[in-house]
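Each of the next two complexes has subunit A plus one more chain, namely subunit B in the first and subunit C in the second.
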Partner chain A sequence: MARLTPTGYLLPSIHSVPPFFTEQPNPTTQATLTEQWTRLILSYARHRRLFFIRIEDAETTGGDWDEVLRNEQINRRVMPAHLSSLLATLVAKNLAVYEPPKQTRSVLLFWRSPEEWGETLHEWATSTGQLNTILTFYEIEDPPVPSPLSGIPTALLRKAIASLSKTGRAQIIGAADGEGVRLFAGTGK
Partner chain B sequence: MPPTILNAYAKPVDNTIPVQALLYDDETLHASQDSVGLYDGPSKSAPHQSGTIHVTSHRIFFIADGGTPSNTLTSRTAEDESVGASLALDLAHVTQTEYYAGFLKSSAKITLHLTPPVRKAVQPPSSATTTTSSTSVKDFDDPFSTWECEICGNKNPPGLSPAARSVCALCGVPRSAVSLAAGSTPAPSRPLSVLRHPPDPTSTSASWHSRSLPSSAAHTPPTGSPAPSRGSIEEVRGVGQGSSKQVECPACTFLNHPYLRECEICGTALPSSKSGSSSSASKPGLTLSSKSAPTSRPTSPVGDVADLADGERYIKLSFRKGGDKPFYAVLKRTLKTKAWEVRIGYYGRRTNTGESSATTATARSGISGILQNVESSAMSTSTDMSHAFQDLEALMVKAQEMVKLAAELNERLSAAQQQRMSVNPYANANGAGVVEPEEATFIRSSLAQLGLQMKNAPVTQDMVKDERRWVEQLAKELAGVLQGDSVHEGMMRQRGIMGVDEAWGGWNRARGVALIPPTTLLQTLPLLPAHTSPPINTRKLTSGLTVLHMPPYAHTAFSVRFVGRIESGGPCTTVTFAQEEGLSVGLADEMIRDVERDGGICRDEVRGSGGMTAKSNAGAAEIRWWVNMFTGYVWDGQLDEH
Partner chain C sequence: MNRLGGVGYAAFDRQRESERSFASLSATLSQQQISALHTQLSTFRSSLAHFATTHRDRIKRDPEFRHTFQQMCTQIGVDPLAGPRRGGWWAELLGLGDWQHELGVQIVDVCVSTRARNGGLIEMQELVRMLSKLRGVSGGAVSEEDVVRSIKTLQPLGAGYEVLDVGGRKMVRSVTKELDQDQAVVLSLARDEGGRVVEDLLVQKAGWTRERARTALDNMLLRDGLCWLDEQDEICGTAYWVPSVMQWDE
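== the complex of A and B ==
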């Protein structure tokens, strides 16, 4: 049975089944299991607007991911090794990237793909009338008025801008005190 | 009787024994020559005029001719007449040799100059009896005694030459006087062992003389009790004095038996009574009587011979019928070899020259000797083992014959019985027909007692020539062993599954003879289902373990049963299920893992709940089995708001 967490997230019923927290030797079973985990992680990240998940989250308590990686009611938790393989699957499915690169203990989750983020950014800039002006990364990441982009990590923002640049709707501009971006109203040709 | 040099140096030997039997174990015979006479000093020795001379590595033997010349000696009756016509002389006494080629009627001669007696320098020559204390050293010379080395505990064998006997054959450590005295067990039949006189003070001197014979190796009473020579001396002394023959312990003052070397109470070493000779010398009565007694003269001839000048101490060998030259060559070579001297490393060289195996075996010393001993004993052990197994193989062959014989007997019995039954079905009713079954039963029971019961006669390859038929027969037999019949309960009656190894062991135990090799068993297994009901199938588990199983333990049946068990009874562990099924845990685990491979179940590893560190990964986890709920699962969690 589905269960509501203190943060208001509706956990799937499978989260209350102990084998869900064990890696299965059977490849078919394990594939199904991983699929469910992937969905759960991305869904929860979207719910909490979490951009990162780290191996440490499985090793220690008190993090943002406790509600998902642990189930105190059945006394089960995801083992760090298990989480590591889950993260590898996420990266392989292009649903996440290792961030910072060249390590495997922390991933940046794409609960929206960089392209989607680019569209979101463009929509936000259009709706707030900031096209054709130069926006610093800081202005996008931490705007005075909360936006869908509030709190987006620079690495993800850079990817989103890169996807817009491909369609000629954004241009990275080097500034003295950092980087900026100018968005255009292009239709995406 | 004049002092005879032969008496002084030579020991009498029994000439009825062939000379080879008189040799020490490490002694070898080098040359022999007959028709030889002996000169005792310058003059001919009357009893030794015709005989055979033998030279060995250690000694010279003179064996008198003519049957039993020792019996012809009238002087044999005298107690001190110790020298028979046949004698042996240690080459160690020979200092120098001379060769005389002979001239006209004078025969060729070899002169042997002898060493001056050592005893004269050590003992006061006036006291004839003191020689006894030094002859106690000769007690070690008893060639028929074994002794244990104090250092390495090696039991040295009897029969070695005196020099070799004084050194441990294993470790090369010289034999100490104490261990010699304690370790040597007197042989019951020692030449010239003299009966000890009763402890009568008046006869003491006489007994004293009697034991101071020139070659008296006999100090211990011939009763067979091991007595240290020192102790026996002291005892005699104590008897002579009629006073304390017990030895007082210096530590606890306990009066110990004189034979003891350590205090019986406190273990302190007892004072050695070296005073044996001096005390006897200090007894004027003893000394005087022995000196004045005429019978004592020949008892210590060495003392007399010692008075001779060096040039006079010689004996001559006169070669009446030639053979002198080769003999002299051998003698000189033997003297040069000095085989009687034992030196460490010396025998090592001898072994290289390929001497007799006895020499190489006994003359090892030091660590290499110990190693060699260990090696040789290991080799002999392996030889023994192979011999033993040869016997076993022969037994196996015989056993097969026995089986054949038993089968024939059984066949004949059955045939006779059938015939009789067909002729007269009512034979059992009257008394006449009862005899034969009794005999048959007797024979059969005898066969059964021999382990050759023919009711389930093992099928051997000889019985069935055709290989295919043979395997089929075997399968039938195995089916009987596994499933049993109306009388016997088969191995698999109670159990639905069993390892092939167990089946193999049980089958071979049932057969008893003509055991089946594993390859044949594996050939037999495919035929087994055809001969069993319900069919027993073979199944190879993931780990490679092959099992025989009844239908309920086939993979599908088992899967269904296990999944059903989980569904109805809830998740369970391997151990629980194994107990429920009466399986071994390992076997149950293997089969459940096979079910898991199919995806019917999934696992839940219960780890230490408190373990929040990565280390808890390493901990052993108990696996609880669940029905696989992932297949067909539909997401029922939060749906993404978009």
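== the complex of A and C ==
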């Protein structure tokens, strides 16, 4: 049965099925279960605004992902090797990227695509009257008034800005105390 | 003495005469019977038509009522399912042929969409439950019997839809794969255990050798995708789970 976690996330009932926590030798079954896992990981990340998932999360307890990667009621957990192949699937489907690059133990999750983050950034800047001024990355990542972008990792912010630059609505500005961006009005078309 | 039938030529005439009158009498009688039959048939048709039109909605909505109606049809030798094309007036009247085909399409829908997780084998109860969910409240209830009937209408498609009896309970198979004897035993034991099967269980309860148990489980797991592997079983280390006898929502 579906179960509500302490953080208020509704786990799907397949999370209480013991073999869900084992990699399947049958390719069709494996594809189905992997699909369920990727959906679960992204939706939980969105629920808790988690941007990263790491192999360590399956190796140790006490992390942000315990509710999903473990089910104490049936005494099952996702093994590190299993998580590793789930991360590879997420990356292959463009739902995540290895971050930092050139390693495979940590991914940046796209529960919103970089393009969608770009739009979110543009809408926020427009509604708060910050178009045409220089915003530092820090001001975007940790604004005094919480925004939809609060806590966004720099790597993801960079991708969001890159997507806005393609339509001429953003320009990266080098500043002495770090980087900044100037956003311009536009429809994005 | 005046003998009946007499002798001579007159007797031939008389015999021929009586043969003729018997013949015409029999013709009249059959004619009467036929016309009586025609009247009966047309009365039957019109009352059946009346019945069908008055109760059409209820027949479609109420599985209990539909069952009784179908029993009545079987008794009088009428097939309410004769499809819309073959059935002529009476399938049109009732629309039951269409109803059945529509249910057939929904059965295919459920079977195909759950195939990835159950390997093409679904328990009847679960199928009925999912059908009812799919049809919503307005669709009316569906009974096991309706499903069995609809699956029969699917047969010409040759997709291999079949109702199986596994250990006294019905399952619907939607892949053209033979379910062998050993698999039937595994399924039946799995259901008693809430879906979990291990080699030991088959050795103990079915009296199989370990090799036979392993082969049956491996075939179900690797070849047919009918069960899932669990490598974290507390008791045996490795267990097999049969999703088609388990119940959960997506």
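Criterion: the second predicted complex is superposed on the first by the 188 of 189 C-alpha atoms of A that agree within 3 Å, B and C clash if a C-alpha of one lies under 4 Å from a C-alpha of the other, contacts with A are read in each partner's own complex, and residues count from 1 in each chain.
Rule of thumb we're sticking to: a contact is a pair of C-beta atoms (placed from the backbone, for glycine too) under 8 Å apart; a residue touches a chain by one contact, two chains touch by 3 or more.
Here the structure is a predicted model, which means the values were calculated and not measured.
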item: Simultaneous placement of subunit C and subunit B on subunit A, clash or fit; value: clash
item: Touching partner for A:Thr28 - first (subunit B), second (subunit C), both, neither; value: both
item: First, second, both or neither for A:Leu40, with subunit B first and subunit C second; value: first
item: More subunit A residues in contact - subunit B or subunit C; value: B
item: First (subunit B), second (subunit C), both or neither touched by A:Val17; value: both
item: Touched partner set for A:Asn75, first subunit B, second subunit C, both or neither; value: both
item: Contacts of A:Gly151 with subunit B and subunit C, given as first, second, both or neither; value: neither
item: Contacts of A:Tyr9 with subunit B and subunit C, given as first, second, both or neither; value: first
item: Listed stretches 21-29, 57-65, 111-119 or 129-137 of subunit C, narrowed to the one that overlaps subunit B; value: 111-119
item: Those residues of subunit A which subunit B touches in one complex and subunit C touches in the other; value: 2, 12-14, 17-19, 21-22, 24-26, 28-29, 32-33, 75-76
item: Of subunit B, residues touching subunit A in the complex; value: 571, 593, 596-599, 602-607, 609, 612-614, 616-617, 624, 626, 628-631, 633, 635-638, 640
item: In the complex, subunit C residues that touch subunit A; value: 116-117, 119, 196, 221-222, 225, 228-234, 239-241, 243, 246, 248-250
item: Residue numbers on subunit A that touch subunit B, as the complex places them; value: 2, 9-15, 17-19, 21-22, 24-26, 28-29, 32-33, 36, 39-40, 43-44, 46-47, 59-61, 75-76, 79-81
item: Subunit C-facing residues of subunit A, complex; value: 1-2, 12-14, 16-22, 24-26, 28-29, 31-33, 75-77
